[in-house]
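The structure appears below as structure tokens.
By written order: A, B, C and D. Residues from 1 in each chain.
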Amino acid sequence: MEDAVKRILAFRDERNWKQFHTPENLAKSIVIEAGELLENFQWDHRFDLEAVRQELADVVNYCILMADALDVDLIQAIQDKIDLNERKYPVEKSRNSSKKYTDL
Amino acid sequence: MEDAVKRILAFRDERNWKQFHTPENLAKSIVIEAGELLENFQWDHRFDLEAVRQELADVVNYCILMADALDVDLIQAIQDKIDLNERKYPVEKSRNSSKKYTDL
Amino acid sequence: MEDAVKRILAFRDERNWKQFHTPENLAKSIVIEAGELLENFQWDHRFDLEAVRQELADVVNYCILMADALDVDLIQAIQDKIDLNERKYPVEKSRNSSKKYTDL
Amino acid sequence: MEDAVKRILAFRDERNWKQFHTPENLAKSIVIEAGELLENFQWDHRFDLEAVRQELADVVNYCILMADALDVDLIQAIQDKIDLNERKYPVEKSRNSSKKYTDL
């Protein structure tokens, strides 16, 4: 992971793209790429794995760039969110249920 | 990262949620969370860092779950996408430009 | 408007596309097109009006198809939502403010 | 429709919200609302019709506001897009097919 993050940031810096990478622009970019990912599932459940794999990588790529722009430790943010989700979704209440925590 | 991934998958399995985690449902979930992330930037550039950090973690969380559902190595997918982007965006052409590769 | 709605539904029926137009698939389609609309504003505020106009039409087109799939009167739904918004955003509280009603 | 559009614009102007309604901010708003609409279909095909109806109205509401911000005639934009789609999706090629025009 560290290696991939380093390459992503080097890729950005070689092109001098940090000037475009405000948190707001990266938030837009993430949802745009997420829409392209979803396009693979627009009409049915069949999908082209390689196309999906590339779009998924695009989403995570921008998430890594956003964490950098925010100066946030992404792994720590994920860990903290799991802590929070464990409180919001206790095993006994949420097992086998797709309900939102507000409806549990 | 590996540790965070393990916790995310354990969190899912304790709740028996794999039944809901089709690639299609996870693609929907990623764009839904990406929309919530963008909501922090809906009207202006100011934002609440902690709220943004949590929404960003939600997006990556679902990306990790999707990689697992697809049986895809997410780090390798990212590395392969950087390889591709290096060909699509040569440094000399794309430096200081936010143009799409199709317009370079 | 009625004329445009009729043409959209005739376009669908000539191609026998109703089979693909479940509410879920149309909800996916709306967010996919909304992402394409946003792509015009990904990196800066300048935009190509004709491209934006076409993407905006795509979003509304799918909204009209979704209203039909749900058997919902879209104009009435809009009217009802304005009624609700008038209660959520009283003029005196929300004037000159971009805050969400939950924060007013 | 005209009546609903008038109410939407009056609602905006009574609150002096035009200052927030740049095309970019409205494009973000449309995708945010589209994500909320999709949330009703996140895990399965069942849905709450009234919730879906309200979110659909929110999307169209912002589309109407965006057309106004762009000074675009929304009905004409839809009509022009149908003209274009008729050329992209000839009946004989696209009948019973959910393929994108680039794959027909």
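Quick note on the criterion: a residue touches a chain if its C-beta (ideal position, glycine included) is under 8 Å from a C-beta of that chain, and two chains touch if they have at least 3 such contacts.
Given the structure is predicted, the values throughout are model-derived calculations rather than measurements.
For B-D, the equivalent interface among the listed pairs A-D, A-C or A-B is A-C, as over half of the contact pairs agree by residue number.
Same-residue interface: chain A and chain D share over half of the residue numbers found at their contact. The interface with the greater count of contacting C-beta pairs, when C-D is set against B-C, is C-D. Look at where the CA atoms of chain B average out and do the same for chain C: the two points lie 25 Å apart.
A straight line joining the Cα centres of chain C and chain D is 2 Å long. Counting only residues that touch two or more partner chains, chain D has 20, 28, 31, 34-35, 38, 41-44, 98. On the chain A side of its complex with chain B, the touching residues are 1, 3-4, 7-8, 11, 14-17, 19-20, 22-24, 27-28, 30-31, 34-35, 37-38, 40-41, 45, 47, 49, 52-54, 56-61, 63-64, 66-67, 70, 72, 74-75, 77-82, 84-86, 89, 91, 94-98. Residues 28, 31, 35, 42-44, 98 of chain D touch chain A in their complex. Those residues of chain A whose C-beta lies close enough to touch chain C in the complex are 20, 25, 28-29, 31-32, 34-36, 38-39, 41-44.
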